[in-house]
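Each of the two complexes below includes chain A, the first together with chain B, the second together with chain C.
Up next is the complex of A and B:
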């Protein structure tokens, strides 16, 4: 009789324990309550993103790397190279805005969908546009820069001219003059004399882009994207903005020349082959 | 005024009384002190993503996870190549679930007097106790960019193993996401995946629609919930909003060794389109068709059917629509419909003679083994059995760590094979409700407290009196993979 009662009591206690454990979850889940101070918005076309609505998707998709504080110290950060972005700093590589300025909402919106090659940031292209806009707002709320500053004005990108042999040759001259080769190497293999010494703004080693291995440039792979990359620079990295050193027409020449270095087939690559274009020779040798 | 470096995500709970929270914390620490698990579920470990990135609640995929799967377990960036794997990477995940459950069935066949052997009685049996689910060893990943594999040895609770999944796949053939091929034994491309079902009870742990067989029917080959052997071509748009798949399958319900017919095949075709519905999310609608033929006649040796000798193929089909509708980040509902039809030969019990050689059919010659030997005729008026069904599964995602779910399924016979059979014979209705809570969420392991209740009812199929059969089950467990 005693054993039977004890058994029943054990079963009851066991069931109670199993049902009680998940209740702990509710205690934790209240941390998702929306706060009034999450008032940051993003504006993508006619879509308005709300930081409050970005909490749930951030928690689901982003927090593992970027961390609960948005400081890039999620639990996975220790295994990731390059390290996840620290949203608190408000510094972004992929912008349409001048160096040193904040990116536009569209810049962040596009980055989410495109992902960042050569990093652990995947392309979140399955999200709805609203979800992405909400995440942009939520990402912005981490940084005081977005509360005090406005995004810079997007740079002007003139219409892409027709590629010609002369433009490719001119682009090669820009590549030499602007000393792109110092990091990217004379053949674009990321083996320039400075390549091994590069660090980002946080002092962590960083590699220049290797044009020859078939990778997609981080901030987009269209001609306009490549133009934008070296005219805005990649803030937080050693890649500077050349907006003050290269004229818009020269910038297009450089885009055409960079295409000849890439392993992907392109019109420029074919033209360079016909031209018999040789790698540049730096003043003191490669 | 908050400090900018603080996040509301770190706010402490406000609603739960402190003494209760403390008690729960203590209980939690005692019972589940395993948060230091340092091994890695295969894919999450490789890419450094939390479970929740790919799973609405594991193992159920969200759209991002579906896209990852459709790309051949690749994120389609430079990290897909195996060279990016940490040398310690070992792409194996195992999953087993210790549970407590209580099962009650209203009419189980019993002897009228224990031991007399007549088997003419029926009794309600209710039992409860601690138990185990089966054990799955998942291993899969990329061998090279766009070349991947998946192998899943699986056991029942007694550790009897079989291969649940073995497949090799090639993705992005010709550089196009519209052409991907896999060969082997694999799950059919069901938008609502039964292999990723969130429920665990005996009747709630499967989708009834995916396994329905009319009462007395001999067709085991149309079970779209079972992994099948074959070749699948599938494709999708870059963002996975548009998908299709076409599979050619052996009509053997996934059993190896060509056990049934020598030349019997079936096909499974799906298509779906997802739509950006603004604040609601990304919703998807699609269709599926499973159609094929399977044998009903076997050569015999001393009366026993010979494997692989099946002929006299007869047809069957299952088709329906699938919708996955999201209502913001927290609520969604999946709906699956089905219309099914079997050949009258299956309806009369022919078909699965290999596994059921003593099965008895009623035909024009009276009752006998279900073998469609030359000269066999169907009983007068025998018709193709047909049915319709619907499945509705709503979820409320409290957070990535907590999901509350429910399911309603019903299947109604629209035409019985044998004239005069009660129209509701074999109809199924089932309800399932439960929740899963993940106390922690990392890229290292999965751990879920699971609670579920299922009620299942079928008309007229009790074993002796042919009256209604009802079963219910309560299940509590800890589901984990590692």
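Up next is the complex of A and C:
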């Protein structure tokens, strides 16, 4: 009788342990969670990406830098600057969503194809769209944030207006008022008074974007990409979101003005030349 | 007849009101409190001056009163300022505070340097400066708090936010690299020491509690404190200078 009771008790205790065990170690990734999270999907247009299908290409092409656990500690990471992204944190520079929110699947998909200029991340445009979608799902599976949160709502970008002399001048006023020059410099040469002390979220020195040396912006070179960069901010870097302080129409003006600073030829650059536009002279400037 | 009806109605209303008031007082948070002083034992480290010459606007504001680091602020009789104290154990289900703590950017410094708040409690970031700041809190996203980074030019509207989990969150301005502060997000009643190191945690029901004190340079200390209704208990803390 007593023995029977004991077996019953031990079965009960065993069941309890089985229930309790998976909830342990929540703070770190377990292989249990990794397996469970492999069910993650990505949706890009009518393409569905599956994390399980991303395993093989990730192990072949990504693991060297981003690591087995997606924590950015692959064997090449120590030689690389800027450091590979830690996918566990779920913090991304290139988003269409507000600061402090997760990127959309399209954002990650586009970043994969575009690569990140002035870093070791190449453009993976060699992959098929399906392969990229699978990799996006696999990258998402590393972070608990994609299990609990949804992507932020993409910011509204109104249709691009026609560029005019007045808009370029208005854009210059925004550049002055929002004090972009504090880091990017009055001529966009990345030599503003705060440029030298900037650090990223790992505490490593980071340079502001230099508009004048022909480099491509990290998160895309189209007018819409540039609009998005300063309105969403680049999370994990000192570049903040200006969505609270620059209205959509003014944002387009700023895009036009930024074009005049860039070394690449553009309509805006020609217009500024004709206008004889001089660099800004901030009252508290250098 | 009419008067009698009115009298009954009045009596009824009065009864309802007495009932409501007696109810609120019975269910209100307790009237006990914990008060004390946090002190530094030893010589306070030298707080280096801050060179604000990168931004002439900031430098001018401190021309006659030079700014210095605020990581250890010692006042009269060794009192430590900016220590956050909270009930870390013994009180479950306390409602979050309903005040709106304000974090102001003033003279290119954070006022206060350390802002305490509850999980889920809204706080407000304002700017009194005529120069652009960016507010960049960097919590660990694995704890449930997500980092963000927003600009606040002169005259910009306040930013209202809250945090999802308990954490000591460093906050900085990248444009003015000397600007460093903390959001201390806790559960349960909390208080922050004033310039003389004094604090009071109010509205506590009778019970025995653990009080945790946090200072940004010296870390955490805890103490067990018993609180009785209607009278203050004392808990003093001493941090040793390194």
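The working rule: the second predicted complex is superposed on the first by the 249 of 286 C-alpha atoms of A that agree within 3 Å, B and C clash if a C-alpha of one lies under 4 Å from a C-alpha of the other, contacts with A are read in each partner's own complex, and residues count from 1 in each chain.
We take it that a residue touches a chain if its C-beta (ideal position, glycine included) is under 8 Å from a C-beta of that chain, and two chains touch if they have at least 3 such contacts.
A quick note: this is a predicted structure, and the numbers were derived from the prediction, not measured.
Regarding the shared-chain residue A:144, is it in contact with chain B (first), chain C (second), both, or neither?
After superposing on A, A:144 lies in contact with both chain B and chain C.
After superposition on the shared chain, which partner residues are touched by A:88: those of chain B (first), chain C (second), both, or neither?
The answer is both, since A:88 touches chain B and chain C.
If you stack the two complexes on chain A, which partner ends up touching A:189: first (chain B), second (chain C), both, or neither?
Neither partner.
Regarding the shared-chain residue A:125, is it in contact with chain B (first), chain C (second), both, or neither?
first
Determine, for the superposed model, which of the two partners chain B and chain C contacts more residues of chain A.
Counting contacted residues of chain A, the larger count belongs to B.
In the superposed arrangement, does A:212 touch chain B (first), chain C (second), both or neither?
The answer is neither, since A:212 touches no partner chain.
May I ask you to decide whether A:115 touches chain B, chain C, both, or neither, giving the answer as first, second, both or neither?
In the superposition, A:115 contacts chain B only.
State whether A:68 touches chain B only (first), chain C only (second), both chains, or neither.
First partner only, chain B.
Answer with first, second, both or neither: which of chain B and chain C does A:197 touch in the superposed model?
After superposing on A, A:197 lies in contact with chain C but is clear of chain B.
Residues on chain A in contact with chain B in one complex and with chain C in the other?
Common to the two interfaces on chain A: residues 27, 88, 144.
So in the complex, the part of chain A that touches chain B is made up of which residues?
Residues 11, 14-15, 17-35, 37-38, 53, 55-61, 63-65, 68-71, 75-76, 79-80, 88, 115, 117-118, 120, 122-131, 142-144, 147, 215 of chain A touch chain B in their complex.
Which residues, counting only chain B, touch chain A once they are in their complex?
2, 4-16, 21, 24-25, 27-28, 31-32, 47-50, 52-53, 62-64, 66-67, 75-79, 86, 100, 128, 238-240, 276-282, 329-330, 397-402, 435, 437, 439, 441-443, 449, 451, 476-477
Chain C touches which residues of chain A in the complex?
My answer: residues 27, 88-91, 99-101, 144-145, 177-179, 182-183, 193-194, 197-199, 201, 233, 235-245, 284.
Of all residues in chain C, which touch chain A in the complex?
That would be residues 54-57, 131-132, 134-136, 138, 141-142, 146-153, 156-157, 159, 174-177 of chain C.
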